[in-house]
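Following are the structures in question.
In the two assemblies presented below, subunit A is common to both, partnered first by subunit B and then by subunit C.
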Partner chain A sequence: MNFSINRVAFIKALNVVQRAISAKTTIPILTGLKIDVTDHEIMLTGSNADISIQTTISTANPDNELQIQATGSLVLSPARFFAEIVKKLPDRELQVDVADQYQTTIKSGNSEFNINGLDANGYPHLPEIDHEHQIELPAKLLREVISQTVIAVSKQESRPILTGVHFTLEKHLLAVATDSHRLSQREVELESPLTSPADFVIPGDSLKELSRMLDDEEDLIKLSLSENQVLFTFGETQFYSRLLEGNYPDTSRLIPNSSDTKVQFAAGELLAAVERASLLSHESRNNVIKLTIKPADKQVMITGNSPDVGKVEENLEPQALSGNDLEISFNPDYLREALRVFGSVPVEVAFTSALRPFTIKPLERPDEFIQLITPVRTF
Partner chain B sequence: MPTENTDDLIMEFKQLTANLATMQHQVVKMLAENEELRIENQHLHDLLDAHEKKHQGVQVLSKSKQNLEKLYNDGYHICNQYYGKSRLQNESCIFCTEIIYGER
Partner chain C sequence: MQVQNPLRKIIHVDMDAFFASVVEREHPSLQTKPLVIAKDPNLTGGRGVVTTANYRARQFGIHSAMPAEQARRLCPQAVFFQPDFTLFRMVSDQIHQIFHEYTDQIESVALDEAYLDITDNRMNVDNPVWLAHLLQSEIWEKTHLTCSTGISYCKFLAKEASDYQKPAGMTMISEQEALPFLKRLPIQRFRGVGKQTSIKMEQLGIKTGADLYQLSEALLINQFGKLGYILYRRVRGIDDRPVIGQRLRKSLGKEETFRHFLTDLFTIQTVLSRLAKEVCSGLQKSQLHGKTLVLKVRYADFTMRTRRLTRSDFFANDVDELQEAAMQILTTLPSKPGGIRLLGLTVTNLANLHFTNLTLPLEVK
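For the complex of A and B:
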């Protein structure tokens, strides 16, 4: 293997791949960076067993100033060390040359590093991807779907399947997450429906990492499936994530189809009131706030109480209000996180009874996005 | 006189022991009575609640669902996912509430 390349272009690719590489891993070779050089491109791979990121640098792009003299594969470990070297090299170009026994020479300007590489055959293979289950989504939409659902993912490792977001693909893309206290569901119409339906569970942490990488993306993201991995392709980069094994609980019947009491709020105003009330509930042992709704008197009151510290009461000003009287108590943190994803749009909060979950939907396009929060029983 | 004193003491102790025994007996009796009354009270409250709920038109749970509700309120999961596990910090569970209060 022997190539020379523009240093800035190489650092950019290294930064992308390094997101997947962790110093702590059970498979030692995964602390390394895999470099594959073929006739027309260099492919960099990083992985932590949960996610793998691959990116290519092509000779076709003149900015890369890529010249390949000899092909081959190699693993450089630890990757962080190699990246530090590349970042500190003096010249605008660098040359990588691999001799026998994976002895690697990195040259730039007057500086020359000799480091030991590893055999690339010891590096795990990335899965073959099935092209039957493939959809395309705009990056902005995918980011939105992720941000709306990952909030409800369980943080408890004792419930592995609930630490992921459940995707169902058919005519629509349906993304559901629940930690058994609240639930968030987003539906997206697919432009070209799949011939055969698919459903899979992607770990919430993988999605958060993916979402960070999509920050500057504007184009279409391609999503493809394999046996136990999902692949997102965007630009020069491929993002693989493992899927969670096991059956996701049936969530379709959790969503109530009717409601007795409905209240409309500006999401931002309700959020501010909930945050104020939670100041006191956080000081109390059970962290609960109460909502008292009296449609006849056009009154909605939020109460937070902490026996040791004191209490707070606030009269809310709903935009619309209908149905039966209701008193309901719940954990304010769930409502706060739920409202944050709405931003400042108007929302409808619908209640069935003091013991059944209540729903929050955007007033515009209410079929697309719904969140559920379970109340807490108070004595 | 030392002997007289001891005799007195012994008498006193016997008296005390007898008193203590009676008191223990009474406490046990009262505890039993208290428990009976508590159960009785619970029954009456249940009846009253059911009656009130009927008046308000709120759904009345079937006997089996009431049992599940009781288990849930005692702090255990009754849903398929976590059946029998205790609910940490009395957190609400969306799956349990669906089973107890859901429209099925």
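For the complex of A and C:
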């Protein structure tokens, strides 16, 4: 293997795959960076067994200033060490030359490093992806779907399937996450529906990592499936994630289709009030606040009371309210996290009774996005 | 040595078979029957633990924290009644309101047990026996429940006194009576002296408080550590612990020391299940639940390991759940030759159980 390349272009690609590389791993070779050089491109791979990221640098793009003298593959480990070297090299170009026994020489300007590489055959193979189940979504939309659902993913390993987001693809894309105390569901209409339906569960952590790599553009992201992996393709990059095994619980019947009390708020205003009230509830052993709704008196009040800390009370100014009187207690953190993803749009909060879950929906396009929060029972 | 405050007057109020009595009050037909407060083992497939039992059922050897199934075997004709903690809490609140008519210095130990410091009381009654009588009568009039009271100048003697004559008893231990009372007390009756300690006590020839009184502080500390220090004081009637209002429990745990060290997993599992049972029933009785489970292991070579498991959600007060979690922690600890001499299970990070976050019924299709 022997190539020379523009250092900035190389660093950019390195940064992308490094997201998947962890210093701590049960498979030692995964601390390394895999480099494959073919006639027209360099492919970099990083993986932590849960997620794998691959990106290519092509000779076709003149900015890369890529010149390939000899092809080949190797692993440089640890990746972080190699990346630090590349970032600190003096010249705008660098040259990588691999001799016998994977002895690697990195040259830039007057600087020259000799480091030991590893045989790439020891590196795990990435899965074959079936291109039958495949959809395309704009990056911005995918980011939105992720941010709206990952908040409800369970942080507990006791029921592993709940640590992921459940995707169902057919005419629509339906993404659902729940930790059993709250649920978040987003629906997106697909421009080109799938011929056969598919459903799978992607770990929440993979989605968070993917989301950080997506920009707010309308560029299309391609999603493809294999038996136990999902692949997101965007630009020069492929992002693989393992899927969670097991059956996701049936959440379709959990969302109530009627309500007895409805209140409309600007999401941001309700959020601010909940954050104020939780200042007190967080100091208390029972992290609970209460909402008292009296539609006849046009009154909605948020209260927190903990004998060991103190009290908080705030009258809210809803944009509209209707239905029965209600007093309901809940963990403010769930409502806070739910409201954050709405930004400043108007939302409708709908209740059935003090011991039934309540829902939060955007006033506009309420069928697309819904969050469910279970109350706290107090005696 | 610290000087006792001779002016303190403390009453320990212990409701008689509280949960069972409340149920009997609501269902008078049960008064003549052995009554066990636990879910019917026939309905739970043999799971479940006895919360408490009425005196009639106790005659059959039934006691709290016993598996409901075992209670059923001891007394097949017993009536099983599912505990209704909402009701128990309500009655307990009512009793606490009565306490507050007498003093605000109240330390609740559980729903059915409290210390009252009545040194300065709202009734301006100087005679503690008269005050205890007033309190007992008022509780009976307002709730139709009986309690036993113990009166003394410190907490542990007040508790001993309330236990002396049950049900509906009243016992006072004055400063002059304290020493003779303590000397007569069998060693097992001193708090902190459990199965293991009493074996050791017996080996040292200590059978009563009088025997304990003979021993020097140094010897007791040497033999029993911190417990020895406490016992040295207790047997002399010294206990300065104040009655602390709104005492919030920080943790609840049980531990067991073994004469024959544990080496096989099956026995360890059995012990953990027993500890989990006691911790669960303790939490249930105090209406608490916690987010952190702590496992303590002391090996044959006296090295000790404690490891904790914290969840973002509360542990259910469920024997199987706690036992499984304890086993999960155990697998992260090393096993050592010679086995385990002590196992302890504690739930901490506690909060009142009367706040429970409801869960969605997540079932797989």
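Definition applied: the second predicted complex is superposed on the first by the 376 of 379 C-alpha atoms of A that agree within 3 Å, B and C clash if a C-alpha of one lies under 4 Å from a C-alpha of the other, contacts with A are read in each partner's own complex, and residues count from 1 in each chain.
Rule of thumb we're sticking to: a residue touches a chain if its C-beta (ideal position, glycine included) is under 8 Å from a C-beta of that chain, and two chains touch if they have at least 3 such contacts.
These numbers were taken from a predicted model, which means no experiment stands behind them.
Once the two complexes are overlaid through subunit A, subunit B and subunit C clash, as defined at the top of the document. Measured by the number of subunit A residues touched, the leading partner among subunit B and subunit C is C. Look at A:R143: by the touch rule set out above, it reaches neither subunit B nor subunit C. Touch criterion met: A:V376 reaches subunit B and subunit C at once. Legend: residue contacts after superposition of the two complexes on their common chain; A:S353 is shown touching subunit B, with no touch to subunit C.
By the touch criterion defined above, A:Y248 reaches subunit C but does not reach subunit B. Of the two partner chains, subunit C is the only one touched by A:K155; subunit B is not. When both complexes are overlaid on chain A, the residue A:K262 reaches neither subunit B nor subunit C. After the shared chain A is superposed, the part of subunit C among 41-49, 221-229, 311-319 or 329-337 that runs into subunit B is 311-319, by C-alpha clashes. Shared contact residues of subunit A with subunit B and subunit C: 178, 180-181, 183, 249, 254, 286, 330-331, 355, 357, 372, 374-377. Taken in their complex, subunit A has these residues touching subunit B: 159, 178, 180-183, 249, 253-254, 256-257, 286, 330-331, 353, 355-357, 372, 374-377.
Here subunit C touches subunit A in the complex through residues 85-86, 89, 246, 248, 311-313, 350-352, 354-365, going by the rule given at the top.
By the touch rule above, subunit A contacts subunit C in their complex via residues 155-156, 158, 162, 178, 180-181, 183, 247-251, 254, 285-286, 288, 307-308, 329-331, 355, 357, 372, 374-379. Taken together, the subunit B residues at the contact with subunit A in this complex read 58, 73, 79-82, 89-95, 97-98, 100-104.
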